[in-house]
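Each of the next two complexes has chain A plus one more chain, namely chain B in the first and chain C in the second.
On to the complex of A and B.
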């Protein structure tokens, strides 16, 4: 807090003579934001109170679209699927990222660390659509995943991972985990690099092993970075669309239908723009409800 | 600190005020048939014209027809945009409203007509004499004022009309002793059993993603157990029509028996259409339920080794029926060159070169009068087999539209998930039909 007010004060003093000048510089960005972010947001809220097919005349239906969301089991199921995806999009990448980052830090000087970092970050550079297509090949009946399983004598387990009711959602989750592990690793690695080495040194002098070191120093120091990772990945899970669309399009039989995809189908295939908007509004609220506590928790603990 | 917040709120307030009118009230499109009233010309004129086309990607037919048309009428150029059919389906209303193409590949048209987005072609039908063609060719593209299809003004035209049935691999068929197509459903069951026993994949059918391909064999089975008429009534949204009939239940149960007997490839729920095609062409399956739009392709890719037969009836000598529909193209109500687009559609049906292309490239029967020129087709090809089958369907009056075309959303949101559940053993035939019927009723209502 102290630094924030300190830097703001000189700014305020110089701003007095021409406050409007500052706004002039901010105007292009502000206008863009208003037109492309705020306006659609508000229009979505407005549409959610109408029964509208996107072209013809619309009728005001009040909260009917919202009540339908909670009375139709099919639409509720999509929200449950999104929460199941949090396990894969968030829990796995963050824990795995912590483990990998700690390992990489341990071997920081070797060339292997650089290679590992590059390989892990690669999914961030590849377009998600390409990654999705690649994974559908890997997970098909004749794909690499099944061939590896057969090679080690697990023929009984092989299946069409994305076409099977029991495995489709976890399979989509694995793709998401693969995409997000690299991002989490890199963020956490950056966080680790700013931890004071003296802390580790004194811990070691006190006789702490690497595991004790990790839980006593690394983990608490990374509170903020973990907060960022969890926030980003939880949003990715709740708002997932592209990976699911490429891999399964919601199938088989709605078993991988997530809110993002359901909104798309409602708006463009069923042409119920009002219903789609209502689900979109609920999704935004849901993301806020999940993410705000995480933000609070990770920030308060540190300051 | 307070000021930016205030400014944002002020902005937001302004924007809401600007957007407060009900959505959709600004679109001043005038619905209702008014196309025939204006004077129309039956040519593309002599000045330079650029026709805007929105075609389906992956099918060479429309592009080749467009090229041939430009060759014959050099003043007409094309500006063509292509997308997958699913994308076209999702885009159709907005594209027709905002960026009106002259000629567009269309999904099911009744909802587009209700919104006044398509040009009525009645005037052209009269001027070009399309109304003297066999009525069944245009029936599916007629929409009444209440949104029911089957009669009323004409709102689209076909580049050709296609038909579905069963393709088979001749080598694999010979291997299990199938020398001629099965004549009854029971015989087909026997062949499937033999193929299964011989270690072949009897049927490979796509059923993954948002496109449930099991709808093909299902509708064929429906036609074997019942009449095509009531199925068409349901697709055309005739009031009181239902898909949940005793004969359709028998058909769905028959499909379930096929699934339980393991006649389909085990991974159909993760297969898309392209995978099915490549596996069939690669000789990995005996049968595939598909349409004659692949005839030209199969003649090229597995020359002499692909055969075709219509779904056999329940009893020997019974009438045949098949899903058969025009390759639907429409003209936007706001199209800039509607007359020229209509002239092109008439040319496709009547010009000799165009009809050649329709058969050789499109693999399907051209539209047009019944006594029109028919290109010669080489004996023994799949194209010859599908064209003969088309004649049988015409004779038996067995053409049906596709059950997936009943409403805009019924395919992706009802048939597909339900058929995927059936394939996985998670849905019963009875509950499947009831569920689809329930969705249908809620979709037709609005």
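On to the complex of A and C.
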């Protein structure tokens, strides 16, 4: 833990010669960050108030790009899709991860669990693009998903999952859930391994069943890990790009269009730089609005 | 620990099930890649005569050699520089704590949640004006900047745990700040540095958005960026697409399996810090 200086070390506060030297060390990092992140970020905000095709002159349009964003159903749908993806990218991996981790807690040191640590990380290691390609094939008309459904007598529901208006977005969500569920499970398991086993023993001796145990001990002790899982997965959902680009390109129609992809199309195909920038600003704010409260809730001042 | 046997059994079954779900897409990709090119194989069926040549074909037409080299060059540009700059800044914010270090660090941390899509448009024009479009620098330089918040956060977390006495002793021996950093603190930071290096390698290798926006030539992109181009090229030839995808994800998979302990530890810690 970082010990705050204060009274314990009085020499720290009185200006030591060369106290500013630290800035020399921080300067190269700060310059790269300023040039390739902060400057573009400010420019995004600036562009968002203009109508610009990227080549000719730009015209100031005030908040018009933003009003379009919230009044045109097509644009608004993009943002709503991102929220629907949160259910798949975040809610499913976190609840499933909690459930699985709680059930396998007892065998956390077994050989099986050791193998699982490697296997469940596989989706985290490969490019998201590769996950997209794999699943595009699995979910295609002749893919494994339909094959399995036919095998159990459900030919009626088989379809091109990513090409159907009603199933495309959930299908994209399933890919995201597949990528993230292993990470969540393992993070939560790691958190559980830090819980004092004596707590469980006394709970069992008091006659608590697995369900009581989960809500009384496991869940409260995992506050921080759950916060991490939710943060990581919510950002992955809101900022999703790779999987959607590969699996559906936003289609069929606009049914899987998400903000990240829409920014890409608006800026680089439709040449509506202002509109793309307004959406980018909204996306950045959305991430902050969703993530900051989670951080507040989980870091109870100990980090 | 008191856990009854039925629960253990359910636990094991669940874990195995989760592992199967994780692995099946990989297996499906693999067996599909062995079918004759141009066919639409059924689910998980093993081909009558496995076409191992598909991998060679995919290797050739994907120009895999060039791709590997390109990705390696990009990684070689991003990772060492990010490590160096991140460590220096982490040292400053975590150990030297110069006046105003709090606000400086806060500004860095703000970049932690930034989606890359949020800045991609102006970044394109900036890189164009710098004359770097279509070069590997177009990926390398922005990535160094974009990884800075995480690198600084990671290294600062290491340096705040370093005892002050260590530096005081070195200073008494006449070490300047740079020597203190170079000869005392960097060697001690090795474990933190190697975990960070692993994460940065992975994120660089798998970077997609910057690669497709800023570089047109697939042979100058990252592996993930190149994969995007092949989907267009082979979109209709499923076995070849699968073989190509496998080749492209094989390097990360290999590195992961070799260094799995470090990787798992780094990935777990990485998400905890992020």
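Following the convention adopted for this analysis, the second predicted complex is superposed on the first by the 281 of 303 C-alpha atoms of A that agree within 3 Å, B and C clash if a C-alpha of one lies under 4 Å from a C-alpha of the other, contacts with A are read in each partner's own complex, and residues count from 1 in each chain.
To be clear about the criterion, a residue touches a chain if its C-beta (ideal position, glycine included) is under 8 Å from a C-beta of that chain, and two chains touch if they have at least 3 such contacts.
These numbers come from a predicted model, not from an experiment.
**Student:** Going by the contact rule set out at the top, does A:83 touch chain B (first), chain C (second), both, or neither?
**Tutor:** A:83 sits against neither chain B nor chain C.
**Student:** Look at A:113 in the shared chain and tell me whether it touches chain B only, chain C only, both, or neither; answer first, second, both or neither.
**Tutor:** So A:113 only meets chain C here.
**Student:** Check the residue A:260 against both partner chains and state whether it touches chain B (first), chain C (second), both, or neither.
**Tutor:** second
**Student:** Counting touched residues of chain A, say whether chain B or chain C comes out ahead.
**Tutor:** C
**Student:** Who does A:30 touch here: chain B (first), chain C (second), both, or neither?
**Tutor:** Both: A:30 reaches chain B and chain C.
**Student:** Looking at the overlay, what does A:130 touch: chain B (first), chain C (second), both, or neither?
**Tutor:** Touch partner of A:130: chain C, not chain B.
**Student:** Going by the contact rule set out at the top, does A:190 touch chain B (first), chain C (second), both, or neither?
**Tutor:** second
**Student:** I'd like to know which partner A:148 touches here: chain B for first, chain C for second, both or neither.
**Tutor:** Only chain C is touched by A:148; chain B is not.
**Student:** So, A:21: does it touch chain B (first), chain C (second), both, or neither?
**Tutor:** Second partner only, chain C.
**Student:** Scan A:66 for contacts with chain B and chain C and give back first, second, both or neither.
**Tutor:** In the superposed model, A:66 contacts neither chain B nor chain C.
**Student:** Identify the overlap between the chain B-contacting and the chain C-contacting residues of chain A.
**Tutor:** Common interface on chain A, chain B vs chain C: 23, 30, 38-39, 43, 47, 54, 268, 273.
**Student:** Inside the complex, what are the residues of chain C that reach chain A?
**Tutor:** 1-3, 7-8, 10-12, 14-16, 18-19, 21-26, 28-29, 32, 40-44, 84-86, 88-89, 91-94, 96-101, 104, 107-108, 111, 113-126, 141-142, 144-146, 148-149, 151-152, 160-161, 164, 177, 181, 202, 205-206, 208-209, 213, 223-224, 227-228, 231, 238, 241-242, 245, 248-249, 252-253, 256-257, 260, 263-264, 267-268, 271-272, 274
**Student:** List the residues on chain A that touch chain C in their complex, please.
**Tutor:** The contact residues of chain A facing chain C are 1-2, 5, 9, 12, 18-23, 25-26, 28-30, 32-33, 35-41, 43-44, 47, 54, 100, 103-107, 112-113, 115-131, 133-135, 137-138, 142-144, 147-148, 178, 181-183, 185-187, 190, 197, 200-201, 204-205, 210, 225, 228-229, 231-232, 235, 238-239, 241-242, 245-246, 259-260, 263-264, 267-268, 273, 276-277, 280-281, 283-284, 287-288, 291.
**Student:** Considering only the defined contacts, which chain B positions touch chain A in the complex?
**Tutor:** For this pair, the touching residues of chain B are 7-8, 11-12, 15-16, 19-20, 22-25, 27, 29, 31, 89-91, 93-94, 97, 111, 114-117, 207-210, 266-271, 408-409, 412-413, 416-418, 420-421, 423-424, 426-427, 443, 446.
**Student:** If we count contacts the way the header does, which residues on chain A are in touch with chain B in the complex?
**Tutor:** It is residues 23, 30, 34, 38-39, 42-43, 46-47, 50-58, 60, 136, 139-141, 159-165, 248-254, 265, 268-273 of chain A that touch chain B.
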